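Order of writing sets the chain letters: A, B, C, D, E and F. Residues in each chain are counted from 1.
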Amino acid sequence: MFFHNSKLQYEVRVEKPNPLFAKMLQQAIGGVEGEIRVAMQYFFQAMGARGNPKYRDLLIATATEELSHIEFLGHAVALNLEKAPAHMKDEAAKDPVVAAILGGMNPRHLLSSGLSAMPVNANGVPFDMSHVYATGNLGADMLANATAEAGGRVLASRLYELTDDPGMKDMLSFLIARDTMHQQQWLAVIEENGGFEGTLPIPNSTPQSAEATEHSYVFLNTSLDKEAPQGRWTSGPSLDGRGQFSMRPAQPMGQEPSLGKARPDSGAQKEQM
Amino acid sequence: MFFHNSKLQYEVRVEKPNPLFAKMLQQAIGGVEGEIRVAMQYFFQAMGARGNPKYRDLLIATATEELSHIEFLGHAVALNLEKAPAHMKDEAAKDPVVAAILGGMNPRHLLSSGLSAMPVNANGVPFDMSHVYATGNLGADMLANATAEAGGRVLASRLYELTDDPGMKDMLSFLIARDTMHQQQWLAVIEENGGFEGTLPIPNSTPQSAEATEHSYVFLNTSLDKEAPQGRWTSGPSLDGRGQFSMRPAQPMGQEPSLGKARPDSGAQKEQM
Amino acid sequence: MFFHNSKLQYEVRVEKPNPLFAKMLQQAIGGVEGEIRVAMQYFFQAMGARGNPKYRDLLIATATEELSHIEFLGHAVALNLEKAPAHMKDEAAKDPVVAAILGGMNPRHLLSSGLSAMPVNANGVPFDMSHVYATGNLGADMLANATAEAGGRVLASRLYELTDDPGMKDMLSFLIARDTMHQQQWLAVIEENGGFEGTLPIPNSTPQSAEATEHSYVFLNTSLDKEAPQGRWTSGPSLDGRGQFSMRPAQPMGQEPSLGKARPDSGAQKEQM
Amino acid sequence: MFFHNSKLQYEVRVEKPNPLFAKMLQQAIGGVEGEIRVAMQYFFQAMGARGNPKYRDLLIATATEELSHIEFLGHAVALNLEKAPAHMKDEAAKDPVVAAILGGMNPRHLLSSGLSAMPVNANGVPFDMSHVYATGNLGADMLANATAEAGGRVLASRLYELTDDPGMKDMLSFLIARDTMHQQQWLAVIEENGGFEGTLPIPNSTPQSAEATEHSYVFLNTSLDKEAPQGRWTSGPSLDGRGQFSMRPAQPMGQEPSLGKARPDSGAQKEQM
Amino acid sequence: MFFHNSKLQYEVRVEKPNPLFAKMLQQAIGGVEGEIRVAMQYFFQAMGARGNPKYRDLLIATATEELSHIEFLGHAVALNLEKAPAHMKDEAAKDPVVAAILGGMNPRHLLSSGLSAMPVNANGVPFDMSHVYATGNLGADMLANATAEAGGRVLASRLYELTDDPGMKDMLSFLIARDTMHQQQWLAVIEENGGFEGTLPIPNSTPQSAEATEHSYVFLNTSLDKEAPQGRWTSGPSLDGRGQFSMRPAQPMGQEPSLGKARPDSGAQKEQM
Amino acid sequence: MFFHNSKLQYEVRVEKPNPLFAKMLQQAIGGVEGEIRVAMQYFFQAMGARGNPKYRDLLIATATEELSHIEFLGHAVALNLEKAPAHMKDEAAKDPVVAAILGGMNPRHLLSSGLSAMPVNANGVPFDMSHVYATGNLGADMLANATAEAGGRVLASRLYELTDDPGMKDMLSFLIARDTMHQQQWLAVIEENGGFEGTLPIPNSTPQSAEATEHSYVFLNTSLDKEAPQGRWTSGPSLDGRGQFSMRPAQPMGQEPSLGKARPDSGAQKEQM
C-alpha cells in the first residue's frame, strides 16, 4: 500500500522559465525513457514476482521512488511554463523570438493542461503502457530494467547538456546519479545469480531438448558483400560457458512457401481460386 | 540494400493446423517480444551507428536475419489457419469444440486477413514502432537488444511448451537457439568494451560534474515497514568500480510544491485566481 | 514524495481461480474505467493544481489510494491465473471446457506476463495516458473525476455480478464502496464552490464578451421528423441561473464552404488547379 | 439516418490566415476536448440507450449538431492555411518569422493533407476512439458528457484568448455558447432524475449487499505528514443522503502479497522455481 | 450542416441473437474496413476538396450515408447482445457452450458498454483516426476510397458467410450492394478524368524535371534466385502512356553509409567518439 | 529469406544539413505514406498470397526494394541532422533562427535517437502496423498498394518542392520515379485480370445471391438542398458492365431503433429499468 509525504524527493528550482525546455522535459516524464515507464514497469514486475521475495521488495521500493521522480519533474515542467505566452496577437507575431516560442512549445501546454505537466513525451504523444515490460522471468526483467535506466540516463545527460539553468542542472544531476544506481542495482541481481554464466541464456530453465543447439552459438552473416564482423561473438567460449562461438554465411534451410489456391467463399478474387 | 531468396530460412511444417495456436504465434511476429520489433530495432540502430563500423555491420546483418524470421513465422501462422471454421451456423454452434475455436481464434484471421498472418500480437493489437529502441548510445542499445532477445526466448519457450505439433516444436527449437545466440552477441559487445566496468554507467561519457555522485551508489529504501532488501547492491564495490554501495531510508529533500494562483484568462475557474 | 507499506490496502482471497475472470479484472486495472487511469489522473491534476492548496492535497491523497487499488487488483489477477492451463496438447483440446478457457483467457497472460497482471484492459489493449484528463480548471477536473469514478463503479458492479467467488465478491464490494466515496468527494468540491450555479458554465472565468449568449441556453433540434425531446433543458431557468432554456429547430447560419482551386505545385491533380 | 445541408452551421471568416493557429484549432477537432469525440460519444450513447426514449433523441440530436461543428472547424483550419509557406529555400530560412512558422506549423498540413484539416490534435496525434465513453448507464454517461463539454469550453476559451482575428473570435464565441448549453443539458438530465440525491451513487441500481458501506463515506488520508484536507467531503451528510461523511488515516487491511515459486516450465529463471 | 431522421437507413432484424457475431460485426463499425473510417475519410476529403465542387458534393453525400451505416450496424450489434450471459457462476462454467460464449465474446460488451456497440474492431481495438486518408489529391483520394470500399465489401462478404441469421444476411446483402456502388463511384471519378492514362502518375502535376524518369517504368527484381515475375508490368506501354515497361535486376547505386564518430557530449559511449 | 548488400540502393548527398527537413523526411519513413508501411504491406500480402504464385514473387520483390528505401532515407535524415544545435543556452536563445530551429525540429532527434532517423512520422508519432493492409483478396490489395504509392508520390513531390538542396532533390527524384513504377505495377495486375470489368466488384467471388443488387448501382443523394452531383456515376453502364447507374434521393427504409429497458443488474441506472 502506498503513502505520500507532501514534500518533493528533490528540490526543484527554475531560474529562467523556458517553455521549450518544458516540452523537452516531458520526455523524462512520458517518454519511453521516462519515469512513468519505470515506475509502472517495476510495479508490475513486483506484482508478478515469484521466487525469492527480496526481489519483490527491491522492485516495489524502486517503483515507489520513481513515482517521486514523476512528481518533481512534473513540478519542473510547470515552473518552466510560468511565463509562457498565451496569445499570438499582432505584436507577438512580429517578434521572432516570441514566434519561435509559440511555434516551438507544446501547444497543449497552453490549450489542454493549463500550463502544467502532461503524461506525454516531447512530441506530445501520450505514454502507452505497452512499454511496461514484465515477463515473469527475473533475468529478462532485470535486463529490461537496466535498459530503461540506461535510456533514462542518456536522456537526462542530453537534457543536462541542453539547459544552462542552474536549478535544472542541479535537478538533472540528481536524476543522473539515481539512474547510475538503478542501472547498478538491476545488473547486481544478475551478478548475484551467477552473472552471465549463471543467467544466460534467458530463460535458463528451457530444457536442452527444446533448443536446436547447433544454431545456438553461430553468428550468421547475411551480408552478400562483406565478411562477418569479427568480435567477441565470432570465436572463443560463449558467455554462458555452454558453447564455442563460430560464424557462417547465412543460407536458406527451408522450403519455398506456398499456400496454394484460396478457398471458395473466402472473400478472395475468383482468379485466386 | 536488401535482397531476397525465395526459400525460407528454416523449414515450416504444421501437422495439426490449430487456429488458436495461430493466434498465439502472432505474439512472436507482432508482439513486443516479436520479430518485427527486433528486425526494425537493429535496422534503425544500424542506420544511426556512429563509432566503430563493425557494430553497424553486426546490427544490419542480424536485422536482415530477423526479417527472415518474420517470414517463416508468417508462413507458420497461415498453415495453422488452413482448416479454420469459416461460418458459425447452427450445427457449428452446437459443437462446443468448434464453438471454442470460433470464440478463441483471432476473428480478424477470418475477417480481415483471409487466413494469414498479420502484424499484430496475440491480442490482435497492431505492433507500434515506439518499441524500436535506438538511442545512439552503443551500451544502451546493446542492453535493449539483449532485453528484446531475452523476452523473445521466454516467449518462444512458452510457445514450445504450449504445442505438441512436431513441426512447430522443431521450428521453435530453431528460434530458441537463435535467440540464445542473439542474447550472446549483444552482450558480447559489452564484454568487448570492458564489461560492466568499462561500460557503466551508461552513458560513460557523461562528465563527472554532471552527476551528483553522492546519490550514485545508494539504495534508497522507500518502505515504511521493511528493512531494505540485502544483496549485491547494498554493500561492496559498485559494478563500475567507481564507488561503494550503501543503503539508506529514503526521505524528502525538496520543498512542498506550490504553483500559486492561476493566471486570469487562463481558462481556470474564478475561484482558482 | 511516495512511500510504501508491504501490506495490501485490502485483503485478496481467490477461492476458485478463474483465468477468464482474470481477463475481466484487467479492465479494472488497465481499462479506461480502471485504477491506473484514476491514479494518474489525480496525480497529474495535483501537479498542476493552482488556487486553494487543499484541493491539491485532496487530489494527491486519493491518487495515492488508487495506486494501492492497482496493487491489490494486480494480486487478484495473479491469483486467478494460478491454475491456468499452460499447454494445448491433444488431451486438453478434446476437453471443451479446457478449450474454452484456453481460447477465452488473455493469451498474453500465458505468453507475456508469466501468469500475472498487465497494464492492459480486458481486450489486452494497453492503457494509454491520453485518458488522463487534467485541464487546470478545477470544475472540469472534478467532473472528469466523478465521471471516472462513475465508470469505475459501473464496472465494479458488473464484475461483482459476474463472479460467485466469495473472496472476489468481498474485494469488489470494497471497491464499490470506495468508488461511492470518490464520486462524492469530487462532486462535493463542486458543491463547496456554489454547486452548479456557482460552477457553471465551466470555465466560469470566460468573459461574457467572449460568448455569443444568444446561443447559450437554446436546445437545437437537428431532427427532421421528430419534435425536440422535452425536459429540464427545454424551458425554465438554466442551471447556472444566468438564462432561460428554450428550444428551436437547428438551421444553417453559415456559408457553403469553398476552397477554390488547388495551388499549382501543391501536389494536387492538374484538374484541381 | 443522417442528411446534409450544403451550408455550414455557422459562418467562418478568417481575415489573417495563420498556420500556427490552424495547428491549434486542430485540438478542437481531433483533441480529446474536440468535436469528433463528442459527436461520436453522443452517437454511441444514443445507439445503446435503454429506458426513456427521449434521452436517445436528445443524444442523437446533439451528436448531429457536433458533426456540424467538425465541419465548420475544418473549414476554419483550411482557411488559416491558405497562405502557408510551401518551401524552405534559402531566402525563407533567413527570415526568422517564416522560419518560425515553418518550424511551428503542423508539417503534415503541408505534407499529408494538402493544406486542410486532419482528424488529429494540436500535436498531430490522431484521435482515437477509446475516448468515446458510453457505458449504458445514464448517469455515468451524462457526467461524461458534461466533462467533455467542460473540457471543450475551456479549450474554446483558450483559443479565443490566443487569436485576435475577428472572424475566428466570432466563430469561437458561438462554440463557447454551444458548449455552455451542452454542459447544461447533460446536467439537466441529472437534475430531472433527482439531482445528486437521486442519481448517486452511480449506478444507483447496485444492490446494497454488494457494497461494503462502512467504507462508502469515509475520506482516507494517505498523507504521512499532513492532516486530511477539510471540506464538504469530510463531515455532514453525503450528497446522496444515504450516509455521513467522515475521515480517517488510511492503513493497510490486507496481507503482504506472495505468489510463491514459479511453476517449472513456465519460462521463469531456474532460481525462481 | 447535418440533420437526422429517426428511422434507420435499413431495417435491422436479429432472429437468433449471438454475442460472438456481435463481436465480429464490430469489425464493420470500428475496423479499418469499417464504417467509421469511410464516414470520416469522405468527410475530411470533402472539407479539403479543391477544384470542381461537384466532387465535394459527392464526398459529403456519401460521408453522410456512411454515418447511417454506422447507425444500423450499431443497432445490429446491440440486438445480437440481447441475451448475452452476464455471469460466470458455477452452473454456467460447466456448460461448455456458455463457457465458449463467455470466453469468446468481447468482454467489454459486458463490462464497458452495457451490451451495446462500441467504436472498436473485432479485437476490441479502438478505431484510430490515422486511417482517415485525405491527401488533397483527387486521384490519390479516389484510390484510397475504392480501397476502403473493396476492404469493406470483402469484410461484408465474409460476415455474410459466417452467419445464418436471415435478418443479418438481409442487412449484409444491403451493405454488400452499397459497397459495390461506392467502389464504382470513386473509380468513376478516375474514369471521368481520363482513366489511368489521364490520372497517372499521381500526382499528375509533378513537373517532369522532378522525376528521374529513367527509373519510372522499370521493374526491379531484388530476388537472388528467381527470374522477375512476368506480366503486364514488364513489357509494353505503361498505363499512363508515357513510357515502356522493362525489367532489370536490382543493384546498389549508392555509397556504403557512414556517420563517422559520435559528437562528444552527445550522450554516446566514449568508445564511439 | 533476406540478404543485404552494404551499399545503399541510391546515393545520398546532403549539402546543407537542415534539422527541419530531417523532421519532414521522417514522414517518408514512418508516415502512413512512408516506406515502412509499403515494405511491410507488400511483405504481409506476399506471406498470405494464394493463387498464381507470380503475384507473390512480385510482392516480395518490391517489399524488398522498399526496405532499401527506408535505408537510404534513414541515412538522409541522419545527414540532415549533422549540425543540429544541441543546447539552448543564452546566446542560442537570442538568435531567432537558432531558436526557430530548436523549436521546430523534432526534439526527440536530440533527446532520443542521438541525431538519427526514427520510425516515426513528421509529428513524431510512431508508425503503427494497423496500416498494413493485406486482405487476402488480390484486387483489394492491389488497390491498397496503388493508394499507398499514390500517397507516397504526393508526399515525395511535396518534399521535393520544400527543399533546394541538390542532393536531396536528386534522391527525391529517384523516389518519385520508383513511386511512378510501383503505382503502375499494382494497377497492371488489375489490368491483367480484366481491368475494372473483370475485377469489380471486389471481391468478384461474392455470390450474386448475397447482394441486394437493386441497391448496387444507385447513387444515393443525402443532401437536403442540392441536386445529386452529376457524373460518370449517375448514368450509363457501371464500370463492371453488370448494371446501369442511376440516382435517387436517400431515404430511410428501416425502423426507428429501440432497445427497450435495461436489464436489472446490468449496471444501468434504476430509471432505465
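Here, contacts are C-beta pairs under 8 Å (C-beta built on N, C-alpha and C of every residue); 3 or more make two chains touch, one makes a residue touch a chain.
According to UniProt, the chain labels map to these proteins: A, B, C, D, E, F = Catalase.
From a predicted model like this one, the values you see are computed outputs, not experimental measurements.
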Mutual neighbours - chains that touch subunit B and subunit C alike: A, D, E, F
Equivalent interface to A-D, taken from B-C, A-C or C-F so that over half of the residue contact pairs match: B-C
Chain whose Cα centroid lies at the greatest distance from that of subunit B: D
For subunit C paired with subunit D, centre-to-centre distance based on mean C-alpha positions, whole Å: 11
Approximate Å spacing (C-alpha centroids) for the pair subunit B, subunit F: 26
For subunit B paired with subunit D, centre-to-centre distance based on mean C-alpha positions, whole Å: 32
Per-residue multi-chain contacts in subunit D, two or more chains: 1-9, 32-33, 47-48, 50, 57, 60-61, 64-65, 68, 71, 75, 78, 86, 96, 99-100, 103-104, 112, 114-116, 120, 123-126, 128, 130, 135-137, 139, 154-155, 157-158, 161, 202-203, 205-206, 222-224, 226, 250, 252, 254, 257, 259, 262, 265-268
Chain contact topology (line, ring, star, complete or other): complete
Residues of subunit D defined as touching subunit A within the complex: 18, 20-21, 23-24, 27, 31-33, 96-97, 99-101, 103-105, 121-125, 154-155, 158-159, 161-164, 222-226, 250-252, 254, 257-262, 264-273
Residue ranges of subunit D in contact with subunit C within the complex: 3, 5-12, 32-33, 54-55, 57-58, 60-62, 64-65, 68, 71-72, 75, 78-79, 86, 114-116, 125, 128, 130-131, 133, 135-137, 139-140, 143-144, 146-147, 149-151, 153-154, 157, 160, 169-170, 172-174, 176-181, 183-185, 187-189, 191-192, 196, 200-203, 205-206, 210-224, 226, 228-233, 238-240, 245, 250, 252-257, 259, 262-263, 265-268
Of all residues in subunit A, those that touch subunit E in their complex: 154-155, 157-158, 161, 224, 265-267
Residue ranges of subunit F in contact with subunit B within the complex: 1-9, 30, 36, 40, 43-44, 47-48, 50, 57, 60-61, 63-65, 67-68, 70-71, 74-75, 78, 112-120, 126-130, 132, 134-137
Sites on subunit E touched by subunit C in the complex: 1-7, 47-53, 86-90, 93-94, 96, 99-100, 102-104, 106-108, 110-112, 114, 120, 123-126, 135-139, 193, 199, 202-207
